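Dropping the structures in below, format is structure tokens.
In what comes next, subunit A is part of two complexes: it sits with subunit B in the first one and with subunit C in the second one.
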Partner chain A sequence: MKKALLLAAAFGLLAAGAWAQTPLNAGEILAKIDAAAAAPRDQDFEARLILQDASGGSSERSLLIWQKGADRRMARFLSPADQKGISVLSLPDGSIYLYLPAYKKVKRIASHVKNSSFAGTDFTYEDMEAVNYSAKYSPALGPEDERHYVLDLALRAGQESGWSRLRVWALKDSFVPVTVEYYDRQGTLRRRLTSSGVEQIKGYWVAREREMHDLSSNHRTRMVLTNLRFDSGLDDELFTTRYLER
Partner chain B sequence: MRRLRAARLPAAGILAALLLAAGPAAGGEGLEWGGELRGEMGLPAGEDFRFAGAGLDEGRLRLDLSLEAGVSERLRLFAEGAVEARGLPGSLATPDDLASPETLTPIGFELVEAYADVYGFLLPQLDLRAGRQRIVWGPAERVSVIDNVNPLDLSDPWDFGRRLASDAVRLKAYVWGLTLEAVYVPYFRPALLPADGSAAVSLPAGLPAAPLTLSVAAPGNGLGENATVGARLSAKLGGWDLAASYLYGRTSLPAATQVTVLATPAVEVELSYPRQQVLGLDAAGELFGIGIWGEAACYWPDYEVVTDTTAVGGGVSEERAEGYAKWVLGLDYTFGGGLYACLQYVHGFYNENARDALNDYLLLGLEWKLLRDRLKIGPLAVAWEVDDLGDVAGSWGLALVPEVSFYPVDAVQLTVGLRWLAGEEGTAFGSQEDAGELYFQAVFRF
Partner chain C sequence: MRPNGFARGVVRLRLPILIATALTTAVLGWFLKDMRINADVFSYLPDKDPAVQLNRYIGEQYGGTQLAVVGLEAGDVFAPAALDTVRRLTAELEQVDGVDWVTSLANALDIRKVDDDLRVAPLLEAGEEGLREYTLGKPMYRGRLVSADGRVTILACRLREDADAGDTARQIRAAVEGLGIDGKLYFAGVPFQLAEITRLVFRDVLVLVPIAAALILLALALSFRSVRGVLLPLSAVLISTLWTLGIMNLCHISFSIITNIIPVVLLATGSAYGIHVVSAFGESAPPGDSSPPGESRRERASRSLSMVALPVLLAALTTMAGFLAFVFGSYLTMIREFGIFSSLGVLLALVVSLTFVPAVLSYLPPPAAERSAAGRPPRAGARVFERLGGFVLRRAKIILTVGGAVAAVAIAFLPMVRREVDVLSYFSRRTEIRQAERMMKADFGGSTTVQVLVEGDVLDPRVLAEMKRMEDFLKARPNMSNVHSPVELLEEMSFALIDRRELPETREQAASLFFLLEGEPVLDQLVRPDRQEALIQGTLATMDAHQLHSLIKDTEVFIASLGEGSCGFRLSGTAVIYSRLDSAIASSQLWSLLAAVLFMFLCNLLLVRSLAGALIGLVPITFTLFLLFGVMGATGIPLDVTTVLLGSISMGMGIDYTVHFLSRYRNELERGQDNSLLATMNTTGRAILINVFTVSVGFLSLLLGNLVPLRNFGLLIVVTMASSGAAALSLLPAVLTLGAEKLRIKARPPARRRAWGLKLQTVRARKEEEPK
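The block that comes next holds the complex of A and B.
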């Protein structure tokens, strides 16, 4: 009897192993990428945005970012002086609010702004929102290599984005996207996002540096994250227009 | 150019001392300071935009300093002051003028804002702001018909939509997804008029052609006479931000309330700031990715225009001011390549405050950001004024304000622009045809 139980357990383990080795399909990989990005209950960090033009000139912006779940985010500029205090709030219903301290005004911004440059950087307002690829794109498997899953993402019907197609390279061990290529509606590759400094903090995988390269202008913006905190219990109230004005 | 405020240099000194005291800790936790240095110079275009014999306008150099102290999680203090120096000296008519520093180097101080924020005041969901503050109501850009708590600042007629901060108490409560705002302004403060103040005053139609004397009757010092109170309730419904507001205050611009026609011949007009009620509704949202907003306001002024013509054989007549409505509809969109467009239709400009004085305007603002925001073309603002929709050809007016700004490094802005007005005689823009100018600005923010 004991032998039979051991045999059954061994078969069970083998079956589980075989199950674990079943290749993930494109949808499952994308779901894991989204899940990894949305895993922390909340997070906040300081972002330095370093702009570099083709001739080597550079300038810098810095901002604080708070995020709760996958769809609530607040960003507040610390520098330069002409942008200090400007704050942007993104809410789950897709609405965006901008606070301009010089005018003491909270302004509703329509989604037309999402594909425009965020504060003169190579990132757009859409890039600065929390990522949920599955909701926007339908995935197809690309040719994976030893370390990366490769997915081709096509914009779903009815979804809006400045990009019709993305190609994503995600690390197999952490599901962190380390390269994303963005194709416009004509199918031309326009820009490339590369992430580095991938590490695990408090059990969550994160890339400390991201660089967006605009291939047509050869302009780059590097985003360096510091003072990262996860699950610090950010209050829902932080993501309201009440706090936007503070 | 904006007119200088009355010189109150002791106050400027206090602000400077505050900033100096803050110096070692500036940038430290809870205490921050910043500001901007702005220089402006204009070349009036003169008749037919020929710059014939054009001189300089008075010019100005303005230093704004702000100090913000986060005393605790629930208490924050903010103050902004400005020192403004005029480029041209004042009138130099006598040797005494040459010995007057105020005349040779005119300078003024303005306490722009100074207030304290208390978060969670008495109740967790209640915030208090007390002190000199700007209270912004309504989503419209610069032409709001609801934004009436603060008085107008018309010192620079081109920079319309500006308002002066008021000494006020504002309570904001956040409950059940609603925001309820209550304001109390104890001191009445009229609008700041342009240098030629009388030009901004609307006079009754049909006055005889005779020398005109204007006098102003300001409200007394009484608690009730001065008070302005208002409330605004806002909520989000179906993806739209909706709000209703009510304000009981005084007209910001003076109204002619007593007209006396004398035999000399002469006309005396007494201007005052009558009570009025304003009920407003506004909404902001989007459709198909296009930003949309609208405002509507009903004004009920409470005064009568008394016309006394007994000196010329007439009598005394009284005409009660009628209520009227103003509204704004706006759209905005950001096109590819950094081109932003904003279109607003306005019925009733900020200075039109009677039912028969309301005109219609179409305002188009274009802004094109290039070279990663290093170059900004715009606002290419076009304002089309149609006073009589049945006679467009005979009642149009047009204002164009093309402007180019260059940002050589962060926080430095160099601007050159043109202000051009044209239109049929009798329209707001047409009557100011000679007021165009070429202007230059340099702004350094820190």
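The block that comes next holds the complex of A and C.
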């Protein structure tokens, strides 16, 4: 009898536990997605960008990227050879600085550039940053499946973006977005980001491969990350215009 | 005379022939639903043409060569309301399916330094203050996006290479008109021209064919005054026209500005064969043959058909020869197609006239009003012909002198014939399309493109320097404007970066400047992503063939003078295509005329079997050719893709008159007539006039066409038909009067006559005397 009661209690607890774990609402899911992306204190990696145009022609460039927090980032080109050393620094106030070794010049770039292509790829400067979705978009739950949460994100009033609506598929276990669809102001699907190779490094979830497909030009860019390091204590000095010129 | 095997066969198989004709008509008629129109002038040149291939390559690699331009005329395009309209238009045009990219004031790339910041952004994002001065001060925009006086601005829509230009142009128009814009709008560029030509070609085919049919019906009714004489030839030619068009659709041949003349040409030329057959059925037996009393309808039909089959065949062959001259003589696809399908149409008209028409006739009783030629009262016009004949004989020298003088005047005008390849000349001057193009010429340097493909490493400063030299060379050409290339963008970028508008000194500097421009759509339109090839673009405000030729020649010389440099240059653009088209028209004219003259000479030789006779036979058509080009030179009607057809067509059709005249003349000589020429004038002369009348009336319908070349064609072919007819009735007899004996045109020995001539001469004689 005691045993039976215990069993019942155990079942009850289990049931209560399950009950207590109420499904996350859209805002909570999005917050978790943002939190997962912003979790590392700093990170650095090598990115290989493979560009593929509609007719199948492809080109490649590679760069080193250092990032501290969610809003300080430095990228330095390794290849192609004639662009080697070109560096881009993004700072928390939204400003972007560029260093051109061939001219030995640092130039600040006007803000518009955020929505424009990063080095001819299908990623924009904005895409290269760690996006805080919650700040920009208000979420609504879409039809989830076994492995993914699906969120429909609408651009908040007063926020600026080239996209008026996103649809995000995020993995339920890691909150890593594996598919993002971008809709323009007319509601037309313009591009699709797919991420793969999701793994946990030093406790942080990361997708090693991302592909941005521009649906109107049928142009794609694949970004493959290697030599990923987290929390190695990157120096603040790295993210200054002084360092840029070095 | 005994019916031949062919005639007996036709009459025996009359029911299957009628059924087969009906079935074929139904099946081929069904394919008419697939009628397509191809108004694209570029496709007139064969696909394998190197200029076409280069142009297509550039289109594929640099984001389309098709540019649809929407122009907005406002008092001041920099006024806030006008700028707002430009923004709305840009957003609307970007949504049009088939539009790849729109360039306008609203999104034009602007590179500048703002408070030491580098700013690479759409022009309007800098705000509207000082915009007018800034924009009009930059060659990148002035005369390219905005007229120098700031009154007109254009939105250039680059179409996707796979988009249907005409379709997209229609959608653009609908989208723009849906916005209810205040201000004058212009629609310029090849896509709008194609849309309009397609609409007009379609309309012309649908409207002109019934009109031509009605006019021919009227002409036949006036000439023959009998129901069968009108309905049978007309239905024969309608059936064969429908077959031809059905076969064209079956072969996926689109209608073009040229091939859309085929139905009218067939209606006008093909009716003759049916007329001959119907006439022959109304005749009594030729002299020497007995027309047995109580002859059955079938027997009568066989006999009549065997009389007429050969001469009709010969007449059709000469006309086909005129059309086939295009197949051998032309480089232009559309003209070859015209040659192939009009000669096929003539062949089909012949087949239907020799099978379907006699099959129907074999069921009909002889015409109620059958009368012998002898017992008929003289016709009203007979005396006129007698007088005319008498005059020609008496005044042969005067006639030849006048003819020679007319020809001399015509020849004097020959050098004034201009060639025209400009699609715009298809439209009347007052049309919207022409207005738009005038605006483009006046404010934006025209829309004829000149492109130079640069093959070499564009990151190499030496290549950039060569490109700059090429640009400077092009800028110095007359009528050339808007010359630009990646060089211009790099210089702008350099100015924003280091305050000096200069080309990079090192490869790394070039790569850095390109890095800053990466992802801008305008860059993809000027340089390949691998930077191993680039494009220099410009526009030309003229389509004058001489200027096009000299531009191309000068540029080739300049390229050669650069020698083995660090890069290669290849000239392309619509200017080159049009120039190719122009040379092709000129050589088409030459070769098709030569081929036609040769064909005609051979036909004549076959018929009269004497070299001199064959040459004399060429007199009327040669005279007509001089007159044709003389009229073109004097009136300014240009030699274009349509009028280039006239020479050979008018020869192919005009030679029939000479053939008829010479045959009859020899026949009269053989019969030992005292005045063979007068007799010929009196009989064949009338038949020729009726033919000139019928054919001309059919072609007159073209004057109602919407497209200018079609109207010119209609007008000139009437001139040539009248001229061939008149020359056959004046110059030819005059030459014969003066020199028949010397030229050894005389009766043939009986043996040869037996061979085939007799049938021909006698049948012609009957037929020409008695058209019903």
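Definition applied: the second predicted complex is superposed on the first by the 227 of 246 C-alpha atoms of A that agree within 3 Å, B and C clash if a C-alpha of one lies under 4 Å from a C-alpha of the other, contacts with A are read in each partner's own complex, and residues count from 1 in each chain.
Everything that follows uses one rule, which is that a residue touches a chain if its C-beta (ideal position, glycine included) is under 8 Å from a C-beta of that chain, and two chains touch if they have at least 3 such contacts.
The structure presented is a predicted model; accordingly, all values stated were derived computationally and were not measured.
Asker: After aligning the two structures on subunit A, examine subunit B and subunit C and state clash or fit.
Answerer: clash
Asker: Contact-wise, after the overlay, does A:93 reach subunit B, subunit C, both or neither (first, second, both, neither)?
Answerer: The answer is first: A:93 touches subunit B but not subunit C.
Asker: Touch check for A:160: first (subunit B), second (subunit C), both, or neither?
Answerer: first
Asker: For A:186 in the superposed arrangement: first (subunit B), second (subunit C), both or neither?
Answerer: In the superposition, A:186 contacts subunit C only.
Asker: Go through the superposed model and pick first if A:118 touches only subunit B, second if only subunit C, both, or neither.
Answerer: The second partner, subunit C, only.
Asker: Once chain A of both complexes is superposed, is A:246 in touch with subunit B (first), subunit C (second), both, or neither?
Answerer: First partner only, subunit B.
Asker: Examine A:105 and indicate which partner it touches, taking first as subunit B and second as subunit C; both and neither are also allowed.
Answerer: So A:105 meets both subunit B and subunit C here.
Asker: What residues on subunit A does subunit C touch that subunit B touches too?
Answerer: Common to the two interfaces on subunit A: residues 51, 53, 59, 80, 82, 103, 105, 107-110, 112-113, 116-117, 119-121.
Asker: Residue numbers of subunit B touching subunit A in their complex, please.
Answerer: On the subunit B side, the touching residues are 34, 36, 76, 117, 119, 127, 133-136, 139, 172, 174, 179, 236, 239, 241, 284-286, 289-293, 332-334, 336, 338, 340, 369, 372-374, 409-411, 413, 445-446.
Asker: Please give the residue numbers of subunit C that touch subunit A in the complex, ascending.
Answerer: So the residues of subunit C touching subunit A come out as 60, 95, 114, 116-122, 125, 459, 497-498, 504, 506-512, 515-516, 518-520, 529-530.
Asker: Which of the residues in subunit A come into contact with subunit C in the complex?
Answerer: Per the stated touch rule, the residues are 51, 53, 55, 57, 59, 80, 82-83, 86, 98, 100-103, 105, 107-110, 112-113, 116-121, 186.
Asker: In the complex of these two chains, what residues of subunit A are touching subunit B?
Answerer: These residues of subunit A touch subunit B: 51, 53, 59-61, 80-82, 84, 93-95, 103-105, 107-113, 115-117, 119-121, 160, 219, 240-242, 246.
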